[in-house]
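In what follows, chain A forms one complex with chain B and a second complex with chain C.
== the complex of A and B ==
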C-alpha cells in the first residue's frame, strides 16, 4: 500500500494573537490535487506555510510520503512552496534557476544538464535557458518557477494563488503547464485560490477554510451540490437560500414540503440549491413572476419572485421570458440541500 | 531644443570643472618647487614628493600602506558585521527598531573627537591603544554603524519570500545565505564595503587618539606636512587620499556590473 503523499492531522497554527487555524486534517494521495478555498484572511496561505515548514505549529502532525516531518525544517520536508508571484533568483539564469535544487543536492553536471533541458522543454522555455528572469514575460516566469519546483521532485507541491495575478490568457497557459507537469511528475498538489472556477478545474477535491477550520472537504460536484453547512453554502455563493423549518421529517417553506433525512433535527433550516436545480417547466410546482433578466455567455439569468422569495434561475433554451412575465418552475428536490439554521432570503 | 537641454552642456562643463580644477591645482602643487603666492605658475618642477610616496621605506609610502590595510580591513569587517546587525534591526518593529537604529546611528552621529575620546578609554583598558589593531577597531565602530544603517534599509525592502522558497527547494540556511541572499546582494555588499573603506580612509581623530602617534596613516601625514609648511608633500598626500578612493569606487562599480552581467 502506497503511503499518502501528505497527511495532516489535528493541525493548529496561530495567527499572532488570534486563534488561527484549528484542528485541520486531511490526507492526500500521490498525484492528487487539493484546492483550498477561503475568504481573505481565512488562513489559506498560513496553512500552506505551516505545511512547508515556514510557519510554526501550535499543535498537530504532518507526514510526507509516510515520513513524519512535523519537526523537520523546511528544506527537509520534500514539500516545495511556490508563492503567488514567481520568485526566481534574479542573479541566476533561467537554466541555473531550474538547476538550483539539483545543484544543492549534489547532482553531476551531466545529470543536471539533461534534467534541466527536459524540464525547460516541458515548459517551453528551452530557447531561453541563458536569459535572466527580469527579461521574461509574466507567463514565462511562472513556467520557469514551476519547472524549478519540479526539479526538486517534491512529493508535495504547495501553490499559493498561482493564477491570481495573471490575465485570462496567461491563466489558461499557466494552468495547462501546471496540469501537464503534474501529470508527468505526479507530485500531490495543494493549491490555494479564491477563484471557484479555478478550484473546480484544478481540484480533485476542494477544501473550504472558514473561521479557522476546514469546514468541508469534498469532490467539486458534491461540494457545490451538497454544501455541509450554511456557511459553506454562503461562501460558495449558492444563489438560492430559502428559509424554513424542519418538522416530522419534512422541510417546510414557501416552496412547499421537501422530505429530509430521518435523522435531520427539527427546527429552523434553510434550503440551499444552485441554479441547476430550477428550470422553467410548463406545469412546474412553483409559480412566480420574473423580476429581472440578465444576459450572459451561458444564457439568461432570471430573478423570479416565488411566493415572496426571489430565486435565481439560469435558462439557455427556448424563449427567454421578460420582466413581469409569469413563469412556472420545476424544482429538482434531490438537488436541494437542507441545512440547519436560517440563511439569507 | 528645450531651454533645459540647451543649458545641459554648460552645467556639465561647470560640474566637471568644479571636480577637476581642485585636483589639477593639487597636482600642480605636488610637483611645483618654490611656488609662492602670487606666482600663477611654479617656477620649477620636481617629482621628489611622489618619489617618497612610492619609495620603499618612505614615510608617505608607509602611511599609504597602513591606510590601505586599515581601510580594506574596515570595509570588509564593517560589511560583515553590519549585515547581521542591519538584518536583525529590520526584523524588529516599533520602539525596539527605533532604539536599535538609534544605537547604530550613535557612532555615526557623534563628533569624531568625542567618539575617539570614548574609544580611547576602552582601547587603554583592552591594551590595544597605540596599536594598528586598536586603530582598526576604532575605525570599525563608525564603519559598522554606517553599514548597519545601510543594511537596515536594504533588508527592510528585501523580499524574504525568496529565501523561503529556496528553503523549500531544499537549501539549508547556510546554502540560502551563500547561494541566494549574498549573490543577490553583491551590489549592496560592495557598497557597504566601500562605505567602510571610505570611513576608515578619512579617519583622523580616532587614528590620532587611539594610535597615539605611533600608527601613521595618510591623513595624519597630510596634517603633519601642512603643519610643517611642506605644501608639496601635503598636496601629494592629499592626491593620494583622493586617488585610491576613486579607484576603489570604480573597482567596486566595475566588479558589481560585471558580476551582474555574467551568468553564473
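== the complex of A and C ==
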C-alpha cells in the first residue's frame, strides 16, 4: 500500500496573539489535488507555511511520503512552497533557476542539462533559458517557477494563490501548465485560493478553513451541494438560505414542507440551496413575483419574491421574464440541504 | 524630443552643472589658464605634478587606506546582515548598534580614534592597567603610522554603519523570501548563503561599497587627524598645495583634484563593468 503523500494530524499553528489554526487534519494521496478555500486572514497561507516548515507549529504531526517530518527543517521535508508571486532568483538565468534544486543535490552537469531542457520544454520556455527573470512576462515567470519546483521532484507542492495576480488569459495559461506538470510528475498539490471557480477546476477535494478550523473537506460537487454547516454555506455564497424549523422529520418554512433525515434534531434550521435547485416551470410548487433581472454570459439571474422570501434563480432558456411578472418555480428538494441554525436571506 | 524627455535632460543638466563647472575650472586651472598664479596655457605644470614621486606615493597610500577600510566595513556589514535578521530581540538590538556610528561626524570619529588608539590613548592605558603592556608607551603605533591602521579602523567603523544599513535593507526586502524559496527547494543553510544570500548581498551593497571607497579615498578630516605626514595622503597633499603661500602652486592642487576624480571615475567604471559581468563572480 502506498503511503500518503501528505498526512496532517491535529495541526495547530499560532497566529500572533490570535488562537490561529486548530486541530487541522487531512490526508493527501500521491498525485491528489487539495484546494484550500477561506476568507482573508483565515490562515490558509499560514497552514501552507507550517506544512513547508516555514512557520512554527504549536501541536500536531506531519508526514510526507510516510516519513514523519514534523521536526525536520524546511529543506528536508520534500515539500516545495511557491509564493503567490513567482520568486525567481534574480541573479540567475532561467536555466540556472530551474537547475537550482538539481545543483544543490549534486547532480552531474549532463544530467542537469537534460533535466532542465525537458522541464523548460514542458513549460514552453526552452527558448528563454539564457534570459534573466526580469526580462520575462508574468505568465512566463509563473511557468519558470513551476518548472523549478518540479525540478526538485517534491512529494508535495504547496501553492499559495498561484493564479491570484494574473489576468484571465494568463490564469488559463498557468492553470493549464500546472495541471500538465502535475499530471506528468505526480506531486500531491495543496493549493490555496479564494476563487471558487479555481477551486472547482483545480481541486480533487476542497477544504474550507473557517475560524481557524477545517470546517469541511469534500469533493467539489458534494461541497457545493451539501455544505456541512451554515457557515460553510454562507462562505460558499449559496444564494438561497431560507429560515425555518425542523419538527417531526420535516423542515417547515415559507417554501412548504421538506422531508429531512430521521435523525435530524428538531429546532430552528435553514434550507440552503444553489440556483440550480430552482427552475421556472409552468406548474411549479412555488409561486412568486420577479423583482429584478440581471443579464449575464450564462443567462439571466432573477430575484423572485416567494411568500416574502427573495430567491435567486438562473434561467438561460426560453423567454426571460420581466420585473413584476408572475413566475412559477419548481424546487428540486433533493438538492436542498437542511442545516441547523438560522440564516435567513 | 518630447516635453518630458526635454524636462529630464534639463533636470540632469541642472544636477550636473556644478560638477561640470568644477571640473572645467579644475582643468583650466591645472593647465595655468585661470586662477591665482595662472601663467598661460600649457601642460607643463600638469606633467610636472604627475611626475612627482610624492604624488604617486600619496595616491597609493590613500588607495590602500580606502581599499582596506572599505573591505573591512563591507565584510562586517555582510556578516552582521547575514547573522542578525530576525525581527526582534538580540538581532534587532545588534542592527541598532551596527548603525549607531552613522550620525557621528567623521571628525569626531577621528578624534575618538586618536583618543582610543594613540600610544597614550585609552586602549594603551587599559592594556597597561591589565598588565598586558609594561607601560602605555609600549602600545604599537596605530596612529600616524605608515600602515595607517588607526585611520583604517576608524574609517572602517564609520563606513561599516553605512554599508550595514544598505545590507539590512537588501536582506529585508528581497533576501528573506528568496531564502525561503531556496530552503523549500532543498538548500541547506550553507547552500542558501552561498547561492542566494551572498550573491544578493554583494550585488545589493556593491554600489554603496564603491561610494564608500570613493569617499574614503578623498576624505580629508579623519586623514588630517590620524594619517602620517610621510607619505602624505593625496587629500592632504592637495590641500597643502592649495594653501601654499606660493600662489603659483595652486594649479598643482587642481591637477591633484583631477587625479583624485579620475580615481573615482575608474572605481565607478569598475562597478559598471562588474554589474554587466555578474556571472563571472558567481560562487
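Brief remarks follow.
Methods note: the second predicted complex is superposed on the first by the 345 of 345 C-alpha atoms of A that agree within 3 Å, B and C clash if a C-alpha of one lies under 4 Å from a C-alpha of the other, contacts with A are read in each partner's own complex, and residues count from 1 in each chain.
Just so it is clear, a residue touches a chain if its C-beta (ideal position, glycine included) is under 8 Å from a C-beta of that chain, and two chains touch if they have at least 3 such contacts.
Everything quoted here is computed from the prediction, not taken from an experiment.
For the composite obtained by overlaying on chain A, chain B and chain C cannot both be accommodated without a clash.
Judged by the touch definition given at the top, the superposed model places A:301 against neither chain B nor chain C.
In the superposed model, A:79 makes contact with both chain B and chain C. When the two structures are aligned on the shared chain, A:105 is found in touch with chain B and with chain C. The partner that reaches more residues of chain A, of the two candidates chain B and chain C, is B. In the superposed model, A:264 makes contact with neither chain B nor chain C. Within the superposed three-chain model, A:130 lies in touch with chain B and out of touch with chain C [touch as defined at top].
Once the two complexes are overlaid on the shared chain, A:292 sits clear of chain B and of chain C alike. Overlaid on A, the two complexes show chain B and chain C touching the same residues of chain A, namely 52-54, 73-77, 79-81, 83, 87, 89-91, 100-101, 104-105, 148-149, 152, 158. Within the complex formed with chain A, the chain B residues making contact are 159, 161-162, 164-172, 175, 179-180, 183-184, 186, 260, 263-264. Contact residues on chain C toward chain A in their complex (touch as defined above): 174, 177-178, 180-188, 191, 195-196, 199-200, 203, 278, 282. Those residues of chain A that touch chain B in the complex are listed here as 49, 52-54, 73-77, 79-83, 87, 89-93, 95-96, 100-101, 104-105, 130, 132, 148-149, 152, 158. Residues 52-54, 73-77, 79-81, 83, 87, 89-91, 100-101, 103-105, 148-149, 152, 158 of chain A touch chain C in their complex.
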